[in-house]
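Chain nomenclature is as follows: A, B, C, D and E, assigned in order of appearance, with residue numbering initiated at 1 for each chain independently.
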Amino acid sequence: MKSGSNLEKILSAGKFAVTAELGPPKSADAEVVYKKADILKGCADAVNITDCQTAIVRMSSIATAAMLISKGLEPIAQMTCRDRNRIAIQSDLLGASALGVKNLLCLTGDHQKFGNHPQSKNVFDLDSIQLIKMVKDMRDEKVFQCGEEIKVEPRFFIGAAESPFADPVELRVLMLAKKVTAGIDFVQTQIVYNVEKFAKWMELVRELGLDKKVYILAGVAPLKSVGMARYMKNNVPGMDVPDEVINRMTAVGKERAKEEGINICVDVINQVKEIKGVAGVHVMAIEWEEVVPEIVEKAGLLPRPKIG
Amino acid sequence: MKREVSKIGIFIYDCESKLKNVLSISEVCSKLEGLGFVCFESPASHFNEAMSDFEKYLKDNEMLKVVIAGCDSRSKEQIFKNSLKKVGLSPYWVNFVNLNEAIGYKEKKKATEKAINLVTQAAKWIEMQEIIGTQKVLLNQKVLVLGGGIAGIETALTLTEGGLDVILIEETSHLGGGAVAVENLKGLVKSKIEALVNEKKVRVINSSHLVDLDGHVGRFTARVEGEQKLIFEVGAVVVATGNELILPIQELDESSGSLAIGQKDLENRLSLSKDVPQRVCFLIDLVDEDLKISTQVLLKQALAVKEKFGSDVICLCRDLKVSFDGGEKLYEKAQEAGVLFFKYTKKPKIAFSDEIVKTSLINEDYPHEKLVFESDLLVVNEKIMPGRGSNALAESLSVDLDSKGFFQSDNVKLLPTFSSRRGIFFVGGCRLPQNINETLSEARATAAEIFSFLSKEEIELDLTSAKIDSDKCILCLTCIRTCPHRAIVVDQEEETAKVIPLACQSCGICVSECPVVAIELPLYTNAQIIGQLNDVVGEAG
Amino acid sequence: MKRDFEPKITAFCCEHSGLPSADMAVESEFVYPEGVNIIKIPCSGKVEAIHIMRALEEGDGVAIFACHKEACQFLRGNLRTEAKVTYISKILREIGIEKERVQMYFLAPSNGVKFARTLRVFYKNLKDLGPNAGRKEL
Amino acid sequence: MIIGERKPIQEILDMIGEHDKILIAGCGTCVAICMAGGDKEVSILASAIRMARNREGKPIEIQEHTPLRQCEWEFVDELKDKIKVSDTVLSMACGIGVQTLVERYPEAVVYPAVNTTFLGLPEEQGVWSERCGACGNCVLDKTGGICPIVRCSKSLLNGPCGGAQDGKCEIDPEVDCGWQLIYDRLKVLGKLDNLTKISPAKDWSTGRDGGPRKIVREDMKL
Amino acid sequence: MNSKEVAIIGGGVAGISAAVALTDIGFMVHIIERDVQLGGHATSFACKATDKCSKCLVCVADELVLKASQHPKIRVLTGSEVMSFSGKPGDFELRISQAGGEESLFKESVLKIGAIVIATGFMPFNAEEKKEYGYGKYKNVITASDFERAIRANGAISRPTDGSAPEKITFFQCVGSRDESIGKGYCSKVCCSYALKLSKLVKSEIPESDITIFYMDVQPTGKDFLKLRESCEEMGIKFVRNLPSKIYGYADSDFMRVNNLNNNTGEVVQDEFDLIVLSVGMSPQNDVKFLANTFKVDLDEHNFFKGLKQSTNLSNTPGIFLAGACQGPKDIEESMAHGRAAAAEVVKMLREQ
């Protein structure tokens, strides 16, 4: 075992994994975290804690992760390269490990331009691949990035995100391969609506044998409205929302849009489950965590297995 | 105020006593004398008298520079300048004041003040005028003509009449271009080709093309490639590369097969005396509806088909464009012969089936009626496209193409065959598809233009072109990029930008763009312009 | 005070349009306002930003008479100047001076009437604006 | 070359404050070429300041001078007399020029009138764009001659993030994705292999992060 | 012996273009102009630019006249006419009479010249010949030439009856062109182009005006003509393919009535206009027969001078050249090119002599 996390156990036992996502509050209010934790408890094997997503200041990812542990959930702490240099990152990782965090998702991070502090200085001392390499070396080689030895090393089950639909498309599989080489154990993909395109990407992934080296969790998310579908199609880079999905959302009308959004999400889960090499799903329902149990249930993924 | 102004004379004349009534010329004079200028008030009341007075004045007074104030506008400037030249004064050391400007003033005092102001301004301007030097420039009296179609041939022939040598480069293996295929032009083209081949001053090089052009007007270096690689030094370049015809496939149905042909195909059939079917429908203006050539061809062909084969001939067009010599007559003749014409606003529908073309359109005279014609052959006009090599050629010549890809001739103030670069011309179909008479006429006009400026081996050029101070120039390339005539180059040895006086047209755009004030236009210096601001915008006098 | 104010205008006139029009205007006695100072230039493209600024320092308004678009003898001179005028309006806005004080007009060489009319309108507008606050003290 | 841009005039006016005798010093090199602080821009700024101050009823006297380079002591020496009689000096050079003046004339008050923006080139007349981040440790050999440090919004060294769309960066649809450019270029060069190699964490110490930099060439020293 | 002097008959744009080109090559030129000043029709026309140049080239003609009138090698003989001529190519004698200034006596003189260029231009068609249009009877029916002159002189567009801005304007195309019934069986080439440009000018000056162009066929000229036509349509100028046969006036009204066919419905409709512009065509000058006889040159069936096939600048008589609209309708641009082309032919002839 690399980290001994629940997620690692589920995946290595060959079970179809479910992860969910939890966005920390834009305040110091612990209750918000606990409420969301209650909802997600029991329906996901591990829960991603975002790290100031879209560059908006939120409660620290590692602190939130520790709060989740106290409630009996397993967190996947997210770590971006945007706000910390290698010193701060390693320091935080030592702390996270000490607090019992066992999963770490390594990300580049959204540009600060999109957040609430567009004037801030970004760091990007490392990029996500260098971050992955550093975390892996800390765990497996017991060294800091500078080469100095670590007496008690932090042990993380290392993940990364990948966007099968972003440009340049030709490069996407290559980027995944690079992350694999750098040392990831699992990958969570960008939200999949275009299953056909995703399947093609998976084909390439399999050609390179990457599905054998890492666990691939397909990202899924329920749509709330037609507007949201259109917005994602047109404005979110690396997002491919086919017209078919938009038509489905339009056809049902406003009142039943949310319900249809959930149905579409479940359909996508059922389809990606069948694709060879997909080891699980990552359900992203930010600020709509209450539907996660329903989705997971409808997809027939409950109850979650318990291992060890 | 003491200045060295005694050599500046002010010459004031009245015309038909227009000024006397509204202002005091003597007051203007005394004021200017007070400023140290020499002022002469001509008693003449008519321009011609004023002229002889002026010539006498020049003889009697030793002047260097003059300000001429009167009530004639620019229409007389050149005449005064000619007088100055006669007595050996520089035509650049004169400035003109149109005192009419003061006439509009209601009070005599104000009008006089304005006149003083105007004359003082002019005097100040000319006071700062430096000497305009001259430069001897060698011109290469050879001309490179690109394209051996009728436009190129006519240009080349006319150029030789002006005593110039011509090198004519033709891309294909033969001369004549598109006009050779046109039945009633064959004779004309043949005789012109013959004349060209027999002309000793013309060197024709077939199967070749221009790859690169260096230098500037008067001294271009052209690299030509084909069977041989050749280099020519020429004084001017004429582009006469013509255009190409393309059948407008996308406008026709794919199923058209041999049922639809272009006007050029029909021309070939007619010249080979091949059969033409019984029912023929001409449909033009589907593309290039702003060109009259297709109508011209249409009328000739419709008549020929009718007369030779007695076919039923129907012509559909948006407009019958008869604005060419004999156009209306030809139209009448075709109508008399029994050719039917219908005009459309909405494009007709075409359907092909069983060896029959069906064309349907709305009858414009009776809009409720739909007209449907069945025919055995549909003849359409080809789309006229720029020659295939236009893009590459434009690049090697550093000239622009228009939105359709034809050679640009966008300066309304010059002959349409002028390019933005002096010494490079566009003639004939490569700039605008046109008919034979127009092409011949513009070819000759262009040739006349060329041999007027290449008629001498060496010319003396007045240096009114922009001047770059090489000490100030930081080679930022701004002037080179903004010069509309590409008259500025980098002088590698001197490490400065350099104006080619012959190519410069003295617009001053480079002066106003230069970030380090390194360029001056000798006839409009910065000091002169700023000087005008200081004096007059402030209080008069 | 404001009522007596006579605006001083500098008119940069391109020799291919503004200047002949000005000539035509005075010959045909189309009256344009007093206090207009005409400066000849070979192309409106020759007018520099600094000329316009300096003219404003010494007066109340600047008019540039250029050839119509697509009719510049030197192809793009008038368009370049139009861009410069836009640049200057930005500077004027920054320093709190009305950008209306700098105007660009497009003319043919035979537009004597339009030349005079345009200047009369410009004169009236300047009169309404009042003296240029940025102008140097006399 | 160094690309700069004139500061907003109000900001400049605030720096000048109540002073009524100033010198505007331009620079005849980089900022002249990018139309930010050459002779002409100096005159335009002077004119604008004069008008702004006339408007406030506080006329100001402005001298203008533009040495060839403001980043050389020898060249800024020619400003000596003018600085002596000025309350304030506005430098229209890059930040280097401003500091050269400060070092040469410790008694003078020098303010910057230009923002030094980046190192770049004129893409076309009137358009300048960034090309170099002066990181002190060039990687162009690996990236097909396109700098990921300044052409990628996040200075990524191992390939694009997931934010590119249609070859454009997530921060602005007008900005090219630097990694798309690199990818296209490497493809042409037949060197896509470069992308599979992991580029290790960069040594930023050669850059600004390493503290004030200095190069000493013993052989060139006097 | 060959004379290096050339006489040009007619001082319009074609004649002047020929003259300037010839002086550039080194000739001395005499321009024999009937009128009191150079310029011909082109310099009475109005600039038709809106915010953009319309490429009507009137300004170019103005500049050309200015240049020629001050040219040291061009002798302008205004108020003069040809009387007779003799000699052979390269060595002609041309007898002319000139109005003699103050006493307004005619004075005769003889020019020794090598070649003659006829560039007498055209006459606008006399619209009174089309009685049914009521030109001369109704004040608000004007010809395009009248319209151009008025715009040039006043810088504004107004209707003649009361000087106010017209509301409904129409252009009648082909007045004196393509009309065999009055012996004008040819297209004048230029009317469509100027009518479109004038209508655009009117529309941009008086945006609320309603403009209709009655036409048979639109005849294109120059580059981008389609764009010009489309821009007219975009501005709301209506094109009706039908020429009304008559104009009906009312007593004491600024308006006139016209019956015409609606192309969309096929119905005859009545319409009222307060300004009707007749797009008159180009007719030959009134003295062409005299000149043709004097110089022994042929006229074509419409009384334009007949150019040869290999070059329309050549007449059937060696040494006599043709330039501009006297050889057939031409716009300003084509006339200028034709004038310069004539200069090239002159050079050729004098070299061969």
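Going forward, a contact is a pair of C-beta atoms (placed from the backbone, for glycine too) under 8 Å apart; a residue touches a chain by one contact, two chains touch by 3 or more.
What you see is a predicted model, and the numbers here were worked out from it, not measured in a lab.
Chain-level centrality, scored on Cα centres against the all-protein Cα centre, points to B. Comparing the centres of all chains, each the average of its CA atoms, the largest separation from chain A belongs to E.
The count of contacting C-beta pairs peaks for the chain pair B-E. The mean-CA centres of chain B and chain E are about 21 angstrom from one another, to the nearest whole unit. The geometric centre of chain D is 61 Å away from that of chain E, both derived from CA atoms.
Computed centre separation for the pair chain B/chain D is 44 angstrom, with centres defined by C-alpha atoms. Centroid to centroid, with C-alpha atoms defining each point, chain A and chain C lie 64 Å apart. None of the residues of chain A touches two or more other chains. Multi-chain contact residues of chain D (touching two or more other chains) are listed as 40. Residues of chain B in contact with two or more other chains: 74, 412-413, 482. Of all possible chain pairings, those that touch are A-D, B-C, B-D, B-E, C-D, C-E. Looking at the complex, you find that chain C touches chain D at residues 48-50, 53-54, 56-57, 91, 94-97, 133-137.
The part of chain D that touches chain A in the complex is made up of residues 153-167, 170-172, 177, 179-180, 183-184, 195-196, 198-202, 204. Within the complex, the chain B residues that touch chain D are 474, 476, 478, 481-482, 514-517.
Residue ranges on chain E touching chain C, taken from their complex, read 46-47, 49, 51-53, 55, 58-59, 62-63, 152-156. Across the interface of their complex, chain B is touched by residues 28-29, 32-33, 35, 38-41, 66, 125 of chain D.
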